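Each of the next two complexes has subunit A plus one more chain, namely subunit B in the first and subunit C in the second.
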Partner chain A sequence: MASSCGGSGGGGGGCGSQCSSLRDSPSVVGEEGNEILEVVENASVSNGHRSILRCSKCGEETAVYNKLCLDCFRSFLYNKFKVSVTSNAMISPVDCVLVAFSGGPASRVALQFTHEMQLKSQKNWDASKDQQQPLPVFGVGVAFIDERAFYSANNSEIDEAIEEIRLTVSTLFPPAKQLYVEPIEKLFSLDLIEGKARLRKLLDTIDDPTGKDDFLHYLRAISLQKVASENGFNKIILGSCTNGIACHIISSTVKGQGYSLPADVQYIDGRWDVPVVLPLRDFVARDLIMFCHLDRLRTCQIFHQSECGINYLVSSFLTRLQEENPARVRTIVRTAEKLSPFGFNKYKEYISDDMVPSRLRSKVQNLRASESAPLETLCPICGTPLCDSDLVNLKNRKCQVECDVFVSYCCASCRYQIVPKEEDSFNNFYSLLPQLFTRRVKNGLHVDHNQLREQVEEFLLSDDDEECGDTA
Partner chain B sequence: MATMEKARRRTTASSLCAICNQNKAALKRPKTAQQICRECFYSVFEDEIHNVITENNLFKSGERVAIGASGGKDSTVLAYVLSKLNHVHNYGVEFFLLSIDEGISGYRDDSLETVKRNEIQYGLPLKIVSYKDLYGWTMDEIVKAIGLKNNCTFCGVFRRQALDRGASLLKVDKLVTGHNADDIAETVLLNILRGDIARLGRCTYITTGIYSPNAYRGFAREFIKDLERIRPRAILDIIKSGENFRIATSTKMPEQGTCERCGYISSQEWCKACVLLDGLNRGLPKLGIGRTKTINGGGGSGGVKPGTKSRLSNVGMKESRTRSRQYSGSVDF
Partner chain C sequence: MMHLTLEFGGGLELLCESVKSHNVDVVLESVGEKEGKLVMRDLLCWVKTNLIKERPEMFLKGETVRPGVLVLINDCDWELCGTLDAVLEEKDEIAFISTLHGG
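Let's turn to the complex of A and B:
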């Protein structure tokens, strides 16, 4: 845990030696990943005829994982990724997408595959320049949220890791991608030291460890939104994989958020200012870790999940269940898939018709025609839609004071685990809360997305970003 | 809210009951984390059950109701509270105790004694139905036939049906069971873990209870205990989640038909108990267990009825067709 992630200094080159060191340092692929690598290694050793095993698909190369050779495994994953992106219209040619990058295997794979898709369309663009109306190339940016203010972590290690990430991103060209490193405390104040102090004070008002954990998650999401809208991105790609989503499903259930659960498990989450998409939803962590290892993609786990609270308990429970049945996480996600999604989980008008591949056009139009989804009231802290009982409470409560109105709009789970119960500490909490949260509730009238956008518009920086220059 | 918090703090210091503020607190109630005295706990507990009964209109005056009694804590408390509430609030309900004797030597004898004591203590008539009488097999004999593995399936299926059959012998209108919040929370979790959306919608209904024996049930139970330690209200939150799941109205609930053989409610041609019993009597005790292709509708997710077989394979073909289309037709930008 204490070791730095990846090689120190300029360790970008000699891949061979680095990859052999992959297995020695647990922080490179995470502890779970290390176990998986060992299991695979042991299996092939015990078979005793490693060199004889051929890929079950091409029949030529040596099988390295799941009876597939590296190339077949890679194209299997890449095709799966491409299908999930194209069949859900996650990226359209005029888009400018921001990949949320944590350094872990899942977001590394998301970044890699997004880059490869971009590269391909860039080639198509270059080749068809003379013809009329070639499809434009979508822009890609990378965001890393620096959460060191939350964890009291070693500064130099994190700086090294960020350098490593910078190096990784710089190797992914053409087209070149810009990396945005956003300190999480920037939400609180432009002055980082003051912001950090405010963040610490705010965290002190939250008693529940799980609440603190979740609050960090909401801060991260809102930071990504901020980076995206300030730099002209119109989609955010998250690397949430099946395992992470299964954990989220169980922990939401445990926190009593059964109603809002389906909102978080869909491919598209359009309730935010900048829509969020999850192309890796159907990928199991095991595959992703193995792929990073085999394809020599450098990963690093920079921030570690706190080892207390409900989220940790749930993830260790799931690890245990997977030992019994490795497909269990997939079953959990499939169960949640069957719950009815919300209106904001569908395609929105942000896709213009002529940019949609002809194959999908009728599908999108149909969805648009049937679009009469009621506007959900969202919790200002976690953004989950409020269930009927919460709404009834909301109607019955007639609040005058601004901060009371805010509380009445919060979902039951946030009220329990995040909002402080004592008056003094609540006032403190409310005064420290970044405006992006408090602005979601105004004068007892919930602000809908378009209104929110109008309000934020004037604060958005207008300088155009070269990297994602909109060619349309 | 703040004043309440302060009040609670004060009582903690003097360890007086948080409700009556007079007696010494005897326990910390997991549900509310309040420290309360014995008497207040009784009255709060009984009031809550009374509220559940009246809010959900569980009983009507003049009804005959059987209490499923195992001799364990849940059903003993249930029998006590119901008979007491019946007197206090005048439900006008006639209660009976109903016990199942699985025929496991050395296991049920003690608990049946407890139930017999309850019969005298609370003055409730008791009926004991045994597997031997209903099915001609005791659990001991079944274990001998099938071995130590998988016999839970028999026990679970037979018990659920034996309760209903016992209820019909007693000519009661309703059957109450001592499923507590932990049990229901566990069922919600298990149904998520195995992807049973239809049951997920049904398992928190207050007037039903399902039994689901599984290998990972033990993990789930342990997980719930761990959760309770960190956050006592998590169990009630799970149930709340279960009640609020947005399940599409088009989700097909298993249809309730009747078993062609015994007339008991069943979602298949034959009820699960008949399938199992048939297997036992024909000397094929593994019939109807696990994911083997059973002949006569194994029920649940395991079995496939002959009539539905072709339909299922059709669906499978359709799926593979759409998948191949997806792969071949993906579009690059």
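Let's turn to the complex of A and C:
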């Protein structure tokens, strides 16, 4: 039955209010009227107690959610996931993907469906290896970033939750998947006690609560990059869903990060060493939570968002908006989609044509043929592409001291809410900052050094002038 | 007297002293039975009085659940069963899940 709200057939979230209004108005005529009659006919006669609605897709099983039975709801979600992955060429047969798993419903679904795709791929391999050249099966690993050092949290509860995660991952075979539990303080030191101390000292230098919250987000992202690079993964799958992305859109706008906003809301984010993909971008939390419950996929919220700062405020605001109209988060994401993405948000992987699904081959070939987009300069803390005013600030810098050079590469937002302004705090901050951040400047992040030198030549001190000072 | 299993998830269990699953016996007289039947409207009232220990506004808004709370009767969305007018039966399992955390 065609969806009466014009959205994806019969099941997509975000059509709640319109659909129920149609159900409540039996006088609607025409196509919509026929649909209402169809619903009434499909409903089996009540057994005297509670009426049962049949699934609008298969017509056989009892409808449990959005007029679909569990099997059809599962198929709907899984097919939507598959389309998201294949039409954006997110996973190629030679990839090793790392699924970031937080324990929550969205990343649980991402993990489940990635596993199911891998399993199908494995079955195809097993079935066809004697006959033709089968496509290899992509590898899957799972990463959980243990953030307890950031919070004062109950250790035993977290350990129990991690054991549950281990159990969950162990049930997802064949093929078996490796779980990486990475304490976030490992970014600071291999010795976790020292790492935790350094992390906490660094956080103490950041006054702004939103800055602290955002910094945790960047630490998490860098941790995932680290786990992926160290263990041979070439893609990271994030379970970010429509609700989280809508929060990010509003928060970024509020924080004056409008220029870089498109970078974070696309299916593909290729600015990192290990590209990040978002297959659940168009899934609403309501559907994911409902599916986890109905399909008995165990989830838990292990770490709770800090309740101070802009991010929490925006999250509460969006909760209120959703109460009035559940479709709001989709509208917000669809609006942000109208912003032009960056070059690194496009599929750019250089693998042989055989590995690309045939319907995408011409798209890939066109992309390769077209001029590559100019490389962006990225902030070493948050990875944001620098806007024009940030670039001017960078070009006009006169310093040569390493820590000051670092700051000049930072975006305005990080300079405002993360980088300490007071000198002692700043020196502490920079000395404690993990190398994974500071070396992004030394490696000349997406900047051609010779070109930059030419641009700033007139501002540089010549060799016979007094030097600024030694490096930190 | 009707025996029901009530489940709270997605953070709602925090309103019930962190207990996720409750096996309850609902006495029909105490909830204003209509024609000998217990409907969801009555059960919500009962839950608010007997199970919700703090911040009732996170669970209820007026006579229905706060928007964003999913309600399932025997693993079926209550919107397909009549929402507030859904009739409950002995040994039914009712789940309340908050969608506040997307994960």
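Here is the rule we use: the second predicted complex is superposed on the first by the 386 of 472 C-alpha atoms of A that agree within 3 Å, B and C clash if a C-alpha of one lies under 4 Å from a C-alpha of the other, contacts with A are read in each partner's own complex, and residues count from 1 in each chain.
The rule is simple: a contact is a pair of C-beta atoms (placed from the backbone, for glycine too) under 8 Å apart; a residue touches a chain by one contact, two chains touch by 3 or more.
Everything quoted here is computed from the prediction, not taken from an experiment.
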item	value
Fit or clash - subunit C, subunit B, common subunit A	fit
Subunit B versus subunit C as contact partner of A:Leu135, first or second or both or neither	first
Touched partner set for A:Tyr259, first subunit B, second subunit C, both or neither	first
Partner chain in contact with A:Val64 - subunit B first, subunit C second, else both or neither	second
Touching partner for A:Pro279 - first (subunit B), second (subunit C), both, neither	neither
Partner chain(s) touched by A:Gly195 [first = subunit B, second = subunit C, both, neither]	neither
First (subunit B), second (subunit C), both or neither touched by A:Leu288	second
Touched subunit A residues, subunit B compared with subunit C	B
Subunit B versus subunit C as contact partner of A:Met117, first or second or both or neither	first
Partner chain in contact with A:Arg108 - subunit B first, subunit C second, else both or neither	second
First, second, both or neither for A:Gly211, with subunit B first and subunit C second	neither
Per-pair minimum CA distance [subunit C against subunit B, superposed on A] in Å	16
Residues of subunit A at both interfaces, subunit B in one complex, subunit C in the other	324
Of all residues in subunit C, those that touch subunit A in their complex	9-11, 66-68, 70, 72-73, 75-77, 79-82, 86-87, 89, 95, 97, 99-103
Subunit B residues within the subunit A interface of the complex	1-2, 5, 188-189, 191-197, 200, 215-216, 219, 223, 226-227, 230-231, 233-234, 236-238, 240-248, 251, 326-327, 329-333
Residues of subunit A touching subunit B in the complex	79, 82-83, 86-87, 91-93, 117, 120-121, 124, 135, 137-138, 208, 210, 249-250, 252-259, 261-262, 308-310, 313, 317, 320-321, 324-325, 328, 331-332, 334-336, 338-340, 357, 359-360, 387, 389, 412-413, 416, 421-424
Residue numbers on subunit A that touch subunit C, as the complex places them	20, 49-51, 53, 62-67, 70, 102-108, 239, 241, 243-244, 285-286, 288-290, 293-294, 299, 301, 319, 322-324, 326
